[in-house]
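Pasting the structures here.
There are two complexes below, and they share subunit A, which is joined by subunit B in the first and by subunit C in the second.
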Partner chain A sequence: MIVLGLSAHEHGATAAVVRDGQVIAAAAEERFTRQSHDPNFPRFAIEFCLREAGLPAHALDRIVFHEDPHSRFTRVMTTTLATGFPWSPRLFVRSMAEWLSGRLWVRNTISRRLDVHPDKVSFVPHHLSHAAHALASSPFDEAAVLIAHTIGEWGCSVLCSGTIEDGIEIDVHEQLPYPHSLGLVGASLALFCGFRPYEGVRALSDLAAFGRPSQLEALREIVTLQPDGTYRVQPDWLALDAIAEQPHSSPFTPRFRAAFGEPRDTRVPLPFRSSQKGPAPTPDAQAIRFADLAASWQVLVEEAVLGLARRLHHHAPTPRLCFTGALADNPRLVARLDADGPFDTVFVPPAVGARGAAVGAAMLASAPPRQRSAQSPFVGRAYDETADAEMMAIVEPRYWPRFRLRGCDSDPNVRVEVRPGLALDALVDVVVADLAAGRVVGWVQGRFGLGPHSAGHRLVLCAPANADAAMRLNERVVDRPSWHHSGLAIAEGSAVKVLELEGPPGILHRWGQSTARPRPEVLDQVCEAVHVDGTVRPTVCTARDTPRLHHLLCAFGDRVGLAALLTATLREGELPMAASPADALLVFARTELDTLVINNLLVKKESP
Partner chain B sequence: MSKSEGTRPRGAGLSIVLGSSVRVVRSLFAHRVGWALPLVVVLLSLAGILAILALVPAISPFVYPLL
Partner chain C sequence: MVRNSVPTWSLRWHALDGSPTNVRMLFRKIAIRVFLPVFWRSSRRRTAAGLQRFAVTELDSAWQILHVLEHARDPVLRGKAFQHAMEELHHSVEFDRVSRQVLPELPPRPLPEREPLFEAECGSDALMDFMAYAHVGEVDVFDQFDSYAAGIGPGDARKVFQEAKADEEGHAGLTIAIMKGAGLAESDIRKRVFKVRLSRAWGAWLRFSKNLGDVNLSVVLTLLYVVFGGLLAWPCRWRIAQSYALANPHLAGV
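Here is the complex of A and B:
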């Protein structure tokens, strides 16, 4: 059975093709349109998926959408009516206009765009899409599943368990209905601290390490934890219906502003720095206020999720947990859940939001998965670099100053060396020498991944002990503040040498979903990847999942003594992750990326 | 996206819209808010009228503040 799974109208429209439980292809629309978190109907992603499957649309057995729009419309209509109408009709009118002009008729849109019979189009409840994706991506046949997302049709946090035998079976034990959404409160606080509301969960977690939980008691007024492990969100602090339906509208009520002050002015940067070397900047009172709020939220959300996990363990006493939803994109929370939660093994899929839901919907409708190891996230498009590499001869460095990233030096005398068709060993030798010399390297290999963060095929790399290279990577390549928590790619064989682990690295550290403490004896060698709270965010690379990156790490380890590299996703600022060679070459030309590897092609900047 | 051998019947749009409307009504009753149905119909009709009025240049300045 061949099933197309779709998500749209939310942050990160996605298409996925699943054949007999195996993901053939999946991609977010943003990778093709270059619009971050593109919510529009995933036309280009569908085209890619069908091309990859070698099928026309009418040959699909089923097309499934990741939520039931009728049920969700009912919730939106009744909640916007109940909370604001008729005193604030604007939200109701805008929401209804959005729904009645397209979202509600998604079956018609899919049927019309793909020219398929409407009977082939069906809907999967949103929480089941999440649960199926988490379970099917994991190596487990049976597990408890905790979903902590912003909101689905009606449920916000969902406690369920599932098995994979003759298909995916999901038992929903409990749902916490709207407005009791940790995800929406977290999105509101992310917006308050100056980040994108939904994607800011990870930034909020990184910022939390710089603060103290001094506003915890005030936050407990908004989210009250119950003795039974659940929680309640008090609705008069934040206009959650506003942020749920219009993500960039202000959800801050006068009561919230009176307690927490005004939102952060995003034009003023936060004066924090993750690097342990050099003098630490002195943050002002405003910056400390936001860091303290982030720290308070981190403590509260950890307590709330631990409470839910204990309650879920009571419902489903199994040793394995799959944790998914927007809140699972918080590595410190995942680490705490793993350390203090009631489950022995925790798994977090690499794509926890709407991207994963599209895959999950297709998995649920497809025949049972036959592969029972964790599924690879590298299901995106692979590119031939030759055609784009020819572009380099036309785009000469003397034209670069026109579109260089602000703050980047633009030396018109720089020379670009292009070396196509290198063998892997020769390529790795050059890259290792560059990394050891403090250069910043872009690494593009094979198919791009599904999640918002690169798991190994679209990376920026530098030596984790080189403060200058780490600063340039953060500020002049990926264009993000240097207080963000960088990733650390480690070769599987060196993981025990780098991390304080009780046993061999588990599945939790495979895609950078959690944090871990580095061993004191290697601190100097990975110091630039160590966050201010003393943790690293490791991605343990195996020869099976990412063979070329694993080879590079091992070669780097042979040279400097430790097979670990500081990593960031190959992107520039707020743009989506680079997908094609052309996207990567644009990052190379616009930023201070010194070397770029695209499959077997090497491009290097050489100063005269 | 292939359009050559499509299987979408003619006039499918209308039947889908009707089917979706029925599902919404069922969903309202399933969530015990069926009593709101008359209010919803009235408000949606009003919203539709406002949307049409917003298209008339002479009236739209008075309608836009409501939207």
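Here is the complex of A and C:
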């Protein structure tokens, strides 16, 4: 059975084709449109998926959408009238206009745009889509599933369990419905601290490490933890209906502002630095206020999710947990859940959120996967670099400096060396020498991944002990402040040498979903990957998952003694991850990326 | 900039034949010079939102060119397209930056659905149509940016307009050079540009109609809110209060 799973109108419209439980192809629309978290109908992602499956749309057995739009419409209308009337006509009108002019008629839209009969299109409740994706992409046949997301139809946190036998069976044990959404409170706090509401979960978690939980008691008035493990969100602190439907409208009520002050002015940078080397900058009172708020939220959300996990374990006493939803994109929370939660093994899929939901919806409608192992997230498009090599041989880099990212080196005399068709060993030799010399390298290989973080095939790399390279990677390539926590790619064989692990690295460190403590004896060698709280965010690379990156790591290990590299997703600023060679070359041309590898093509900047 | 935009090149033609396009452009320029300072300088939000719209349009241009680049095979054309895309991307990033300088709490840029102006299946003719489209867009903004730079007042935003204007002039020349390089006669280029203008006029009419429809819908919804909202609010509040029990009927009473 071949099923197309779709998500749209959410942050990250996605399409996925699943044949008999195996993901053939899946991609977020943003990979093709260069708009971060593009919520529009995933036209290009669908075209790619169908091309990859070798099918026309009418040959699909079913098309499933990741939520029930009618149920969701009911909830939106109910909440905007219940909480806002008579003071929120604008929110009501905007929400209803958006729904009535398109979202409500998604079956017809899909049918019309794919030219298929409307009967082929069906809906899967949103939480079931999440649960099915988490379970099907895990190596488990049976597990408890904890979903902590912003909001679906009604459910915000959902406790369920599932099994995979002849099909995916999900039992929902308990739902915490609107307004009890940790995700919406987290999104509001991210907005308050100056980040994008839905993508800010990870930034908030990174910022938390610089603060103390001094505002925990105040936050406890917004989210009150219950003795039974659940929690309640008090609705008069934040206008959650506003942020749920119009994510960038201000949700801060006068009561919230009186308690926590005004939101952060994003023109003033946060004066923190993750690097352990050199004098630490002195943050001002305002910066400390936001770091403390983030730290307080981190503690609270950890307590809340641990409470939910214990309650779920009571409902479903199994040793295995799949954790998904927007909050699962918080590596510190995942680490705490793994360490202090009631489950022996925790799995977090590499694509949480709407992207995973599209895959999950298709999985639920398809037969179960035949092989039970954690599925690879590299199900996106692969590109041929031949035409790009020819193009790069004739471009004129002297025109580039004027169009560089602000703050980047703009030497007009820079030359570009292009070496196409290199064998892997020769390629790796050059890259290792560059990394050892403190250069920043872009790494593009094969198919791109589904998740928001590349986890291996679209990376920026540098030596993890080189402070200057790490600063350039953060501030002059990825264009983000240095206080963000970079990842650390480690070759599987070196994981025990780098991380304080009790056994071999587990599935939680496979795609950088969690944090871990580095061994004291290697601290100097990985110092730029160590966050201010003493943790690293490791991705343990295996020869099976990411063979070429694994080869590079091993070669780097042979040269410097430790097979580990500092990583970030290959992107520039707020643009989405580079998907195609042209996207990657734009990052190369506009930033201080010194070397770029695209499959077997090596492009390198040389100063005369 | 590809979309929403009249070529210096075609303007010269129209200046000779006195076509209405030229008159329209003149009115538009006067409008920008007269009203923009009043409109933008009176509201930071309006200024920031206006600058953000340019960021969106420039990013769409960069995307359109990358879309062409993906399907083109000629390395020289690809090289030019790459440089062009980089410049449009740079303009987008800069417009976004200055919009946030004006108003940091500005919501993130709108995310319009991408509509490729170039369809690879239609072959090289489609590429020339795209170039005509790009040309019209580039020359249009070339003229507009001058007026915007004068209207917005001194500061970073003016510099961005001025820099972008200089680049757009080069892009307009490039598109013409590509069309001529592909062996198109001037009359053919004129024809294509005219077709682009017609299609843009039709697009503008459709946008106007949609906006009118949106206004009507908003009026109806506001009336419904005022008239029936009060009646519905109480059952909705009850529904919210009961949401836990309704979501968990098997746990009711626990």
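We adopt the following convention: the second predicted complex is superposed on the first by the 606 of 608 C-alpha atoms of A that agree within 3 Å, B and C clash if a C-alpha of one lies under 4 Å from a C-alpha of the other, contacts with A are read in each partner's own complex, and residues count from 1 in each chain.
Everything below uses one rule, namely that a residue touches a chain if its C-beta (ideal position, glycine included) is under 8 Å from a C-beta of that chain, and two chains touch if they have at least 3 such contacts.
Remember, it's a predicted structure, so these values are computed and weren't measured experimentally.
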(request) After lining both complexes up on subunit A, report clash or fit for subunit B versus subunit C. (result) clash
(request) Please work out whether A:W483 is in contact with subunit B alone, subunit C alone, both, or neither, and reply first, second, both or neither. (result) neither
(request) Could you say whether A:S580 touches subunit B, subunit C, both of them, or neither, answering first, second, both or neither? (result) second
(message) Contact-wise, after the overlay, does A:F260 reach subunit B, subunit C, both or neither (first, second, both, neither)?
(response) neither
(request) Scan A:D115 for contacts with subunit B and subunit C and give back first, second, both or neither. (result) first
(message) Which partner chains sit in contact with A:F140 here, subunit B, subunit C, both or neither? Use first/second/both/neither.
(response) neither
(message) Can you tell me whether subunit B or subunit C touches more residues on subunit A?
(response) C
(request) Return first, second, both or neither, reflecting whether A:W154 touches subunit B, subunit C, both chains, or no partner chain. (result) both
(request) Based on the superposed arrangement, let me know which partner A:R406 touches: subunit B (first), subunit C (second), both, or neither? (result) second
(request) Check the residue A:N40 against both partner chains and state whether it touches subunit B (first), subunit C (second), both, or neither. (result) second
(request) Look at A:F588 in the shared chain and tell me whether it touches subunit B only, subunit C only, both, or neither; answer first, second, both or neither. (result) neither
(message) Based on the A-chain superposition described above, do subunit B and subunit C contact any of the same residues on subunit A, and if so which?
(response) 43, 77-78, 81, 85, 89, 92-93, 96-97, 100, 154
(request) Under the touch definition given earlier, write down the residues of subunit C that touch subunit A in their complex. (result) 59, 62-63, 66, 69-70, 73, 75-76, 78-79, 82-83, 85-87, 89-90, 93, 96-97, 100-101, 104-105, 107-108, 111-114, 214, 217-218, 221-222, 225-226, 229-230, 232-233, 236-237, 239-240, 243-244, 246-248, 251
(message) Help me check something: in the complex, which residues belonging to subunit A touch subunit C?
(response) 32-35, 37-41, 43-44, 77-79, 81-83, 85-86, 89, 92-93, 96-97, 100-101, 154-155, 174-180, 196, 248-250, 263, 265-267, 387-388, 390-391, 393-396, 399-400, 402-403, 405-406, 573-574, 580, 582-583, 585-586, 589-590
(request) Would you pull the subunit B residues touching subunit A in the complex into a rising list? (result) 1-9, 12-13, 15-17, 19-20, 23-24, 26-28, 30-31, 33, 36, 39-40, 43-44, 47, 50-51, 66-67
(message) Which stretch or stretches of subunit A touch subunit B in the complex?
(response) 43, 46-47, 50, 56-58, 68-71, 73-75, 77-78, 81, 85, 89-90, 92-94, 96-97, 100, 104-105, 107-108, 111-118, 120, 154
